[in-house]
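Shared between the two complexes below is subunit A, which pairs with subunit B and subunit C, respectively.
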Partner chain A sequence: MKFKAMYSFLEQDLNIVERELEKTIQSTDPLLSDAGLHLLQAGGKRIRPVFVLLSAMFGKYDINTIKKVAVALELIHMASLVHDDVIDDAEIRRGRETIKAKWDNLIAMYTGDYLFARSLQLITEIENPLAHQILSKTIVEVCLGEIEQIKDKFHYEQTYKTYLKRIKRKTALLIAASCQVGAVCAEVPDEWHKKLYWFGYYVGLSFQIVDDILDFTSTEKELGKPVGSDLLQGNITLPVLFAMKDPAIKQRIIQINENTTPEEIKPVIDDIKNSGAIEHSFEISNRYLMKSLQFIDQLPKCKARTALMKIAKYIGKRKF
Partner chain B sequence: MKFKAMYSFLEQDLNIVERELEKTIQSTDPLLSDAGLHLLQAGGKRIRPVFVLLSAMFGKYDINTIKKVAVALELIHMASLVHDDVIDDAEIRRGRETIKAKWDNLIAMYTGDYLFARSLQLITEIENPLAHQILSKTIVEVCLGEIEQIKDKFHYEQTYKTYLKRIKRKTALLIAASCQVGAVCAEVPDEWHKKLYWFGYYVGLSFQIVDDILDFTSTEKELGKPVGSDLLQGNITLPVLFAMKDPAIKQRIIQINENTTPEEIKPVIDDIKNSGAIEHSFEISNRYLMKSLQFIDQLPKCKARTALMKIAKYIGKRKF
Partner chain C sequence: MKDIFNHMNGLKQKIEQNLSHPFLSKHVQKPNIDEDKLLLFYAMFKEANVSEKELEKYVVTAMLVQIALDTHDLVGIVKCHGRKEFVERQLTVLAGDYFSGLYYYILANMNDIKMIQTFAIAIKEINEHKIRLYQSKQDVKKMIENIMTIETALFQRIGEHLQVKTLPKLSQFYLTFKRLCQEKNNYEVGQSSIFQKGIDQMTKNQQESVFSIIIEFCQHYFHEIIRMLETNLKHSSTIKEFIFDRIHTLRFTYERTFNNMVEEG
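Up next, the complex of A and B:
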């Protein structure tokens, strides 16, 4: 089953969200508009908007209100990607040049700031203090996660706990917030939006672990960037941590530094793939997926719930 | 009369704001806490908090609420300075190493993001939709201003209008917002907080023009950075625009580029100082100052009004 088929009933509303994204990104400054459009056209799964809309369906769903929340969440995500690419010195994302590659680091810094600011502006149109508080707290945590990612680069003495804390901040919290804020803005009762938060949180962990696996197991074409990019950029992900349990592989991994070339990294990628680390990482991802389903299970049956369950399962198994 | 003497009755409350700033900047991440503290210790006039508190005095003044607004505005300002230093490749600000110099550009990018996020978090504690809307709109404009500043660097065919638009976004809007949001959060009536906005707006223009003048007329010790830094960084300010009306001076100015040294720029600074451009710039600053006083004049007499008037006049005449 294709990803989009799981929520085909949202198609029209997601188109509305997409138009709103385009509108929001337009700026009086042509450079910013270009940069924003360049990002939008690179596509992406729009997972955060999907979660926002589906969560809102547990309450008073109104596309004209909820589209703003969906766009705001996607913009925060896009802003963090733009700043991430500066940190990672990344040239390519989703098969397209990054902002920092097409323009430069300074433009990328301010494009990120601008997207972020526009998302805030949109959020303030929704008069819901709880939604504002959840989001601002999430943004602080996302920033902390980014700083940790810088500090942890090429730092091989990491634990599973360090990794988990990082992906929590990097991915899980924003997906959890997407679910919760979507629900809160649709006046979903407290008890339910908290469950949606935890559903999103565990789906987010699972999603990021699979993402980190795919960095090794996918092809360059599927990834839209070179295989092993994370490792080359010094980001120590779960498959790497597991593979390093073998002292011989660890010895080769810790040689990798800022000057390692994509060619030099190829045999190490094979080592990691053959070490059992991929399978082990999938198991962990699956464990979080099961946890997420426990929370969604406690919510009333409806097509939104069915769609969230399908998406969660898809995320845990996706191949790219 | 010294700056602080104009609002000595605020001393205790400004200390509360300073403690709140220190508290807010603390992070679970030691690097971020260090970077934030480094910025705080560099000092600064805390003009935005002063304007927030004074404006709030026209309504229901409560330091426990209003301190959050004051801290949020100062944090937004600090965040923009940190990102500015990346753009300007600045090593020194307020006599101290910049974040980008002491650490690096990436740390500076995320320190800015973090300060910004913390300021938002504080703002969301104040349940006032109008305050949120004013602030988020201001932040968008500040971002647009920063992008313009990048694009206008070493671009000598600028007009007075371009300059004005830039300093409006760079400085005036945030000071205007400080005055208005301070008032809005103290339930100051519509008619008054709009006047406070315009007061802050014109004071902000005047303030920035004087700042741009001082870059030429002050000493390195007073500025806490080399004389002529703006010009060296390619920022074309009002004294430069006026001095370029003399074709001979213009000819020398337009030679300045990314590779010009501080030594090479010295004779050009003298040219600008002897051209009458400084006096002309002061006239313009003074014109905006007078406009600001027209707005404050329409507000009820009280010690906050007297203090705002004194501060405005001081800003127009300050020597550093």
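Up next, the complex of A and C:
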């Protein structure tokens, strides 16, 4: 089943979100509008808006209100990607030139700041203090997570716990916040929006673990970046942690540093793929997926719940 | 006067507490706290009669926004030499994002959604004008307008929100005057900035004519600042005195540029 088919009933509303995204990124400065459009055209799954809309369906769903939350969450995500490309010195994302490559680092910084400001300008049209408390805390945590990621680069003695804490901040919290803020803004009862938070949280963990697996198992074409990029940049992900349980593989992995070339890393990628670490990582991802389903199971039956379940399962099996 | 000094110091400490992060402090240059902006934010919230407790939070958040924006100006555009420089750049990006997240977090916990919106509108405007200034294919008057917005949009939007008029206007003249002095100084010592990037693309003659226009603007702004301080500012004399003091400090800091301007004026 294709990803979009799982929530086809949202198609019209997602088109509204897409149009609102295009409208929101428009600037009085043509270069900023171009840069924003360049990002939008690169596509993406719009997974955060989907979670916002589906979670809002457990309450008073009004597309005219909830679209603001969906757009804001996607813009926050887009802003962080633009800045991440400066951080990673990345030339390509989703098969297209990054903003920093097409223009330069400063244009990328200003574009990211502009998108973040636009997202807050839009979401503050919703006067719900709890929604802003959740979202602002998430944003601070995400930044702290990224700082931790830099700190942990090429640090081979880190533990599973460190990895988990990092992916929690890097990915899970923003997905959890998408679910919870969407629900809070639709006046979903407290008990339910908290469950939606935990659903998003565990789906986010599973999503990131799969992402980290795909960095080894996918192709350059599918990834839109070279295979093994994370390891080359010193990001110690779950497959690497598991593979390092074999002392011989560990010995080869710890030789990787900032001067290692993509060619040199290829045999290490094969080692990791043949070590059983990929399968083990999938098991962990599935475990989090099951946890997420336990939370969604406690919510009332409706088409939004079915769609969330299907999305969660798809995330665990996706190929890219 | 001593009272204001104490207040400023207290606020500076609060800002520093918010900025402090062990790993960032180790790798990224210490953020500059612009004392003129600090004073003007303080004076503006004071004029709006917000409570002492709220005043502190508003000034801290406004300064966090300013510092976040300034931090992102420091991100280099040329390839880094070596890992140390690369890590510094990565953390400069993240430091700006973190400070910016903090302002949202503090205001969200004050339940002041309207103020978050006010800041967001100003940040949007500032970045639009930074991009315009950076592209620099425009005449000098437009460049000065961009500088004015970059330096003062926060004051203008907060002023509108608080319905305070005199201080945002004073900030416009004062902060643009200060930035233009800094740019003239940057030009003389060969220091780079996004404004200088535009200047660098011009011929020597064009550059000289740009700076003679800048000097005219500075003369105008300087006289406006003095006029406003003498007539319009309905503030306690200590704040006025403090601003006068800062203007004179600025005069000494950029003495050579300043003397040219004032003597000609």
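Worth pointing out:
Operating definition for what follows: the second predicted complex is superposed on the first by the 320 of 320 C-alpha atoms of A that agree within 3 Å, B and C clash if a C-alpha of one lies under 4 Å from a C-alpha of the other, contacts with A are read in each partner's own complex, and residues count from 1 in each chain.
Here is the rule we use: a contact is a pair of C-beta atoms (placed from the backbone, for glycine too) under 8 Å apart; a residue touches a chain by one contact, two chains touch by 3 or more.
From a predicted model like this one, the values you see are computed outputs, not experimental measurements.
If you put the two complexes together on subunit A, you find that subunit B and subunit C bump into each other. After overlaying the two complexes on the shared chain, residue contacts for A:Met309 are found with neither subunit B nor subunit C. In the superposed model, A:Ile87 lies in contact with both subunit B and subunit C. Using the contact criterion defined above for the overlaid structures, shared-chain residue A:Leu32 touches subunit B and also reaches subunit C. In the superposed model, A:Thr124 makes contact with both subunit B and subunit C.
When the two structures are aligned on the shared chain, A:Ala42 is found in touch with neither subunit B nor subunit C.
Of the two partner chains, subunit C is the only one touched by A:Glu258; subunit B is not. Judged by the document's definition of touching, subunit A residues 27-29, 31-32, 83, 86-87, 105-107, 109-110, 112-114, 116-118, 120-121, 124-125, 127, 129, 132-133, 135-137, 139-140, 142-144, 146-147, 150-151 lie at the interface with subunit B and also at the interface with subunit C. Looking at the complex, you find that subunit B touches subunit A at residues 27-29, 31-32, 83, 86-87, 105-107, 109-110, 112-114, 116-118, 120-121, 123-125, 127, 129, 132-133, 135-137, 139-140, 142-144, 146-148, 150-151.
Of all the residues in subunit C, the ones that touch subunit A in their complex are 21, 23-24, 68-69, 72-73, 75-77, 80, 83, 86-87, 89-91, 93-94, 96-98, 100-102, 104-105, 107-109, 111, 113-114, 116-117, 119-121, 123-124, 127-128, 130-132, 134-135, 194. Interface of subunit A with subunit C (complex): residues 27-29, 31-32, 80, 83, 86-87, 89, 104-107, 109-114, 116-118, 120-121, 124-125, 127, 129, 132-133, 135-137, 139-140, 142-144, 146-147, 150-151, 258.
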